[in-house]
Amino acid sequence: MATQPHTQTATDTGTILTADRPVLEVRNLDIGMRRKSAVVKLVDDVSFSVDLGERYGLVGESGSGKSMTLRAIAGLLPSGVEVLSGSILYGGRDLLELSASSRRALMGPEIAMIFQEPLTALNPTMQVGDQIAEGPRQHLGLSAKDARKLAVEMMRRTGIPDPARRAKAFPHELSGGLRQRIMIALALSCSPKVLLCDEPTTALDVTVQDQVLTLLADLCDDTGTSLVFVTHDLAVVAQTCSRVGVMYSGRIVEKGAVNEVFPKPHHPYTLGLIESAPDFDRPDRELVSIPGFPPNVANRGSGCVFAPRCAFAQDDCRVGRLELAELEPDRTVACLHPRNAGEALLSAAATNGAIAGRSE
Amino acid sequence: MPEEIMLEARDIAVLFNQSKGFARIFGGARRSDSALHALDGVSLSLRRGESLALVGESGSGKSTFANVLVGRLAPAAGQVHFEGEHIGAERSISHRRRIQMVFQDPYSSLNPRMTVRRAIGELLRVHRIVPPSEIDAELVRLVNLVGLDEEVLDAYPGQFSGGQRQRLAIARALAVRPDILVADEPVSALDVSVQATVLNLISELQRELGLSVLFIGHNLSVVRSLCQRVAVMYLGRIVEVADVDEIFDNPKHPYTRALIASIPRMHRTIEREPAIQGDPPSPINLPVGCRFQSRCPLVQDRCRAEDPALRLVSATPTAGGEFEDHLSACHYAEELV
Amino acid sequence: MTESTAADVRMSAPDLPRRRFSVVRSRSRSLRPWYKITPLVVGLSIVLFLVLVAVFAPWIAPHDPLKQDLTHILQPPSAQHWLGTDNLGRDVLSRLIWGTRVDLRVGFLAVLIPFVFGTVVGAIAGYFGGIVDAIVMRVVDVFFAFPFYVLVIALVYVLGTGERAIYLAIATVSWVSYCKIVRGEVLVARQQDYVVAARLGGLSHGRIIGGHIIRNVISQAIVYAMSDIVLDILAIVTLGYLGLGIQPPTPDWGSMIVDGQEFITSEWWLSTVPGIAVVFTGLGLSLTGDGLAELLAPERRR
Amino acid sequence: ASTSKSTSAPAGGNLIIDDAQDAVSMNPTTTFDNTSLYIMEQIMQPLFTVTKDGKGTQPDLATGYTISSDKKTYTISLRKNVKFSNGQPMTSKDVKFSLDADTATGNTGWGYINGAISSISTPDPDTVVIQLKHAWSPLIADLSLFSNSIVPYNYAGQSASEFYTHPIGTGPFKWDFWNKGRSLKVVKNTDYWQPGLPKLDSVTWNVVPDDNTRKLQLQGGQADIDALPTWATMNSLKGMPGIDATSFPSTEIDYIGFNEQKAPFNDVHVRQAISAAIDRKSLVSAALFGHGTPANSLLMPGVPYYDAKTPGIQYDLAAAKKDMAESSVPNGFTVNFGIQSGNSEEATIGQIVQSELQKIGITVKIQQIDPTTLHAQVQAGQYEMAISIWTMDIPDPDEWVTFAVNPTGGAHSAFTYYNNPSVIALAQQGEQTTTSSARQTIYTKLQDQVAADAPMAWMFYVPYAYPTSSKVHGFYVTPLGNYPLQDVSLSK
Amino acid sequence: MLQRLRFIPLRIVQAIPVVFGVTLVVFFLVRFLPGSPAIAMLGEHATPAAIAAVDKEYGLNAPIWVQYGDFIGNLVRGNLGQSLFYHQPVSQLVRVGFPATLYLVVYAIVLTVIISVPLAAVAASAPGRARDQFVRVGPLVGLGMPQFWVGIMLILILGVRLKIFPIGGYGSDFVANLGYLFLPALTVAISMSPIVIRSLRSAMISVLGSDYVGTARSKGTSPFHLFSRHVLRNAAVPTVTVLGVNVGYLLGGTIVVEKVFALPGLGNYMVTAIFNRDFPTVQGITLVIALMVVVVGILTDVVYALLDPRVKLA
């Protein structure tokens, strides 16, 4: 491999991105809060990597730590919450070791982020054009006029009709779809290499969601931008991403290629997620929910975190610490008793109500 | 045997206006800001024991319609009939009782300062559902009905998760023994796994208690697995009504087709039509002609001139051997394949 | 439709686990127990301390607060008089302790009337909106636009000096604040689904306002009341400065500050010590208010 | 104001006087407040002026006078070469105009003081002849009152109200400006008839309502005189470098008036008991920080015919208890005691009296009432017991005596409703007697009798307090309260 | 921009009944006061005859509704009446007092902002930490201190001891008053800042935690721009309202500060007028202050609307 010539991209800040190395690699990331008495881990030992131009999905229930992981990469953890250990490598450089100002210099031209709710993610008192222009002005050293021009151009590229006029609008004057497009324009204005998306379409209508997803995918393909895509809608991941990590209670419990994981989930939690969501193409299937609730992050207990809700849990699931194990190449599962029969087992579980019934 | 119509809305129109007169000059608190047509001639009937879905984009008027049905909002025009009897917005206590509602936001739908016992117990007392001595037993029965343990009775809503709250909201609605349950996006704020329990609960209750349910939602996957009939709403109008399988297999309105096309699918292999473009136009300045014209891939000149009415396009046989009407508001419904 | 059969309907879906009470949203701070809210604990301790001082004043105070000793006036602090004596030779410490009684009483009573009146009026105006609201709000504006001290001074003149006049004067002015606060809260609350649900449940307006809305909006008014007590004590001090305070020889901090300020350049402690008492009380009440705001804040999501 | 320092102070400078209130008006004939009249006296002068000791008068714009044998005609000769500040010379025409204008105000102003005058004539520019209705010994004293100040004839062609917005007079200073509520300034009258005077260039009165601020301005050198210090201020300024906390003898008496219309104050024993229960020395030391003198008489030491030997009721608790026992309310009673709100001295007095009367079984309820309300109540006879103050305006006891003991004047014996015919007769005799010795006898008798009747419990005589900067020289206050500023100078 | 200010005419119309209400209340209130202008004028030893004469001269013996009619009639003609105590038109007093009060209030607001913004920023930057606690508790001390006491203390320390500022009084021009009014304005600011700091602090904390600040950070915006463009402006929105409400309260409370610092402001005239039962002055000044409160209310809304484009007022 090393002998082969590979594509190289020299970024503005000198980071060398190569195709044989993941553009973004999260290693053993712990995020949490230090309390007087204890450390509360919100994200626990999360690792995953994203290749150049790849679209990577993170799914999981509310509170599973998806947003925290993303925010840690962007350096936007809420106050009180910090990275406890681990590293976040961008093009081989550990972001966590950079100074605040050099990290800031990366944000925008190298890494950008899009939030769930475009209305709250845009400054309500600033014209959207100015908000888009702010990044280019700072990072690309553009004049106010040029930055503004760039902003309008970006808006045009995201399919906003009449961009010059819309640039003068305030966020509340735009519809949800337009706002999210503004967010995309804003995030892509400095041509970042990695785009972090935190549920960018959850607040949108299906028709608009579809437009925005298509747009995102197209733009990223055009520029070779990698995407980290957080959502709780499996179908959206299935449609958008090539690889996926399934998060539960701050941990990644399963990861692999989307077309491997979803048809043949190995982890009971992944299975549960799939079975509880209505599937348009399987309307007559009974919905089976995962019983109970995710554990309190302050006290996850020992053993597999999912064991208390797991229909297949056995005694050994409840002791010790569970590590991710690679079952097949690029297919990792944190389960002592992984389901490998996939769908066959699923229907069995559904018919005898096993997933639901066995909790005590 | 024709199914019995429980609740019928006829030509409902709702306008949100600026308030006028004295209150405006002297600045009393007002309910709305700008004039817009939230509903424009909506007719829909709910049959006994059925579960009817109302879907549509955000802002299309679904909640407004629900509010009219439950009597929270007086329509500018049109009437609501309950078992054939006209009921206005100011309703008798028994009419109120018989149509209950479950809301989208589980966090604002329960009074944060009242225990479940108090909140539901009050309803039982006011409506004299059971003799006072049996109230406690009835409360236990109700929370059990929605799959909760009786210890929830003395807790405050703050102590519950979203799914539990939604169950409690359902329990409250059922406490007064309604005939009709209007559920306004009851699961869209919930996590998938919780969503499933609530959806299952609603469908069980509907079956077991013979409730008529108007289920408002925008997730077509949910609708498809829960409801028997579907009405599609666009910009204050019903644009298509049909049996659930019929509408998804054989949509007769371009908007419905676009909706279906936009659903994210687990299986990428499934072929999808191209998504429609643009956002819905503002309900303040409505276009002449068909409301969907600006986004319709099949738009014709007639669509820009003539407002299509909701009409019968076909009657399809249902599982029970009956024929179900398929209504659409598209000039070219028959031409859609 | 028979209800009896429904009683047997249990979800075949999984039952909820027993741990359900531990499953609270960690982000909602409102469910923190009161003793974990530092401002509340500190504030309440201060208030409790003051209340105890007020209650046990007769036993704590080393001297009779009214006992004059004209041969020992304006004495600096000493073993005999820890905080010295005032211009009539009275023991300052004892007056300070007894003053706690008067000031807390006046402060609380001066808040009580406007609290109740303002809350009721504000709730009605906010709930019904429209003309009722318009009229109430214009009246509120009139009182609001009226210079505070003009109204208070004039009312104290009309009613005659004394504690009762002070309550009434302050009440006349400050119900407006409660009215505004509660109205604003009710405007928000009446849109909440639980109010709609109550209405759909067939409950009357009165029951909804009194039973459902008030309990949710009152916390803001209570929080405000805490700081209002401080403002009222200050208003009494200021009235004293304008010569309209509590009647002598009743020991109260306001008149102690005002009487002492004549001697501010020489016997500075005369006005400073009761001043510190007011500040301390203010601190306690404000912290309590802060804490209560945290404790009572209804969950405001989104 | 150290006159002792003989260093000749340089002329000039602006003297700044802080007062708590603003002047009200510059019209001497209808103005009653001290601030206004102390200011107008620097601008307008009467024919006679009060001597420094306050007990007599001396010619000012007049040079002298003669009295006819029937004591009903006064012929007054005017000083020559006196000019108004507008340059116009002063003549008898101006004098007659001024006196008549005052008389005309009658009850609404000070006109009643000229009540004895029947007519005024001006035989020549330098002579004024005053014809009286009846013998009236206080006339010259009356003429020395500010209300009889001399202004130009016909207000120099203006209307009265216009004229008094910038009055013209013969005084050492002339009008400069008045920012109402803030400050008032007069400047040196270069045409002043006394050569070399005034020494100052100008005088400014600033309105500084807060007691402490006035004191601190004086301390900080921002003001030269605090015109209304509290006694606490005086106390704390004592011995402070750069400040002279001087007080001047006055004609002020502070007393507690009893409303005899209300039981049990109609009982002389009660009045006597209260009077005897008050320890005046304590009052003086606590309320005035020792600055006053316990009062023994209706009249004040600065007033002619004051009798230091009058055995006014003094502190004697045993006697007080005895009086109470003999009274109609031997077991005591409860009384409302009205004092002015916002007045720390009265609050102090009130509380001391309260605790003293407690000892003889009287429960005193202090009622702090704002001054105007209190006055209204007193004037309407709707009070039981209230603190009042009197200061003489003219150097003759009659003004006060008539007011205090003669119920017919409309003031109901200073609103005490005291009515003793023999005292009233004595008061009338005093008015009509002109010889000093005879008047002395009459007033001594009167003082004794009033003391025995105790219609009021007089407390103390209070001096005038005027703390000044040590830079101020030659400042003095007459017993009537006026402070002529023509001799005052400022050092650097 | 102008679109957003369309509410102004309506607000002015709404203010009319308020102002009318104020005239009604003040007129009858002052006439309920015990004692009369004549007694105040003539003093303790006035005789009934003298009082009657004065009443007649000032028309105080006319029936009360006639007097009210006259008052309103004059008012409509822009005439506030003639002061009984100062013997000049009330409008004259307003002309002197209004600038002083306005200067004081504006100066106080400026100082309040200067004090509050950095403190709130410091506190909000680390919620819950020591400096935050300090900022939360410290200013409460200012809230609990009576203004006259603070004023005297400031005079004593900064005026008399350190001789930095004048000891009360009012200067002749704008520049001089920067010095003369510093301490009074500071006195007011000390009691107003705690309220503003609290509001600003919590607004800043919520703004700092908002998604759009996250967005701004994700753009790599520098801390300075972050604070000035994104945080301050948005945090100012709720604070402006708090400030507006308190300015109204402040206007009614300048009485004390004006008295302590011997300022010829409306409050000072007002106290004197009440004490002297100078009805026309009390009425006139109350009306002016009420108008100021109304104007401040409208201004607050204007600022609010300008700061926050979402606001639609009507």
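Order as written gives the chain letters A, B, C, D and E; numbering starts at 1 within each chain.
Operating definition for what follows: a contact is a pair of C-beta atoms (placed from the backbone, for glycine too) under 8 Å apart; a residue touches a chain by one contact, two chains touch by 3 or more.
As the structure is a prediction and not an experimental result, all values here were calculated from the model.
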Graph distance between chain B and chain D, where chains that touch are linked: 2
Contact-richer chain pair [D-E vs B-C]: B-C
CA centroid of chain A to CA centroid of chain E, Å: 52
In angstrom, rounded to a whole number, how far apart do the mean CA points of chain C and chain D lie? 49
In whole angstrom, how far does the Cα centroid of chain A sit from the Cα centroid of chain B? 33
Could you state the distance in Å from the CA-based centre of chain C to that of chain E? 23
Of all residues in chain A, which are in touch with two or more distinct other chains? 289, 293
Residues within chain E bordering two or more other chains: 14, 17, 33-34, 148, 152, 156, 271
Please output the residue numbers of chain B that touch at least 2 other chains, ranges allowed. 25-27, 161, 196-197, 200
Chain E contact footprint on chain D (complex, rising order): 21-22, 24-25, 32-33, 106-108, 161, 179-182, 206-210, 212-213, 216-217, 219-220, 222, 370-373, 375-379, 388-390, 403, 409-411, 414
Chain E - residues contacting chain D, complex: 33-36, 39-51, 53-54, 57, 85-88, 92-93, 96-97, 148, 152, 155-156, 159-160, 163, 166-170, 259-262, 264, 268-269, 271-272, 275-277
Quick check: in the complex, which residue numbers of chain A touch chain B? 61-62, 161, 175-178, 205-211, 213-214, 232-236, 238-239, 259, 262, 272-274, 276-281, 283-290, 293
Which of the residues in chain C end up touching chain D in this complex? 66, 68, 70, 73, 87-89, 157, 160-161, 242-244, 247-249, 259, 261-266
Listed in rising order, chain D residues that touch chain C in their complex are 211-212, 215-216, 219, 230, 232-233, 235-236, 282, 285-286, 340-344, 347-348, 350-352, 354-355, 366-370, 373
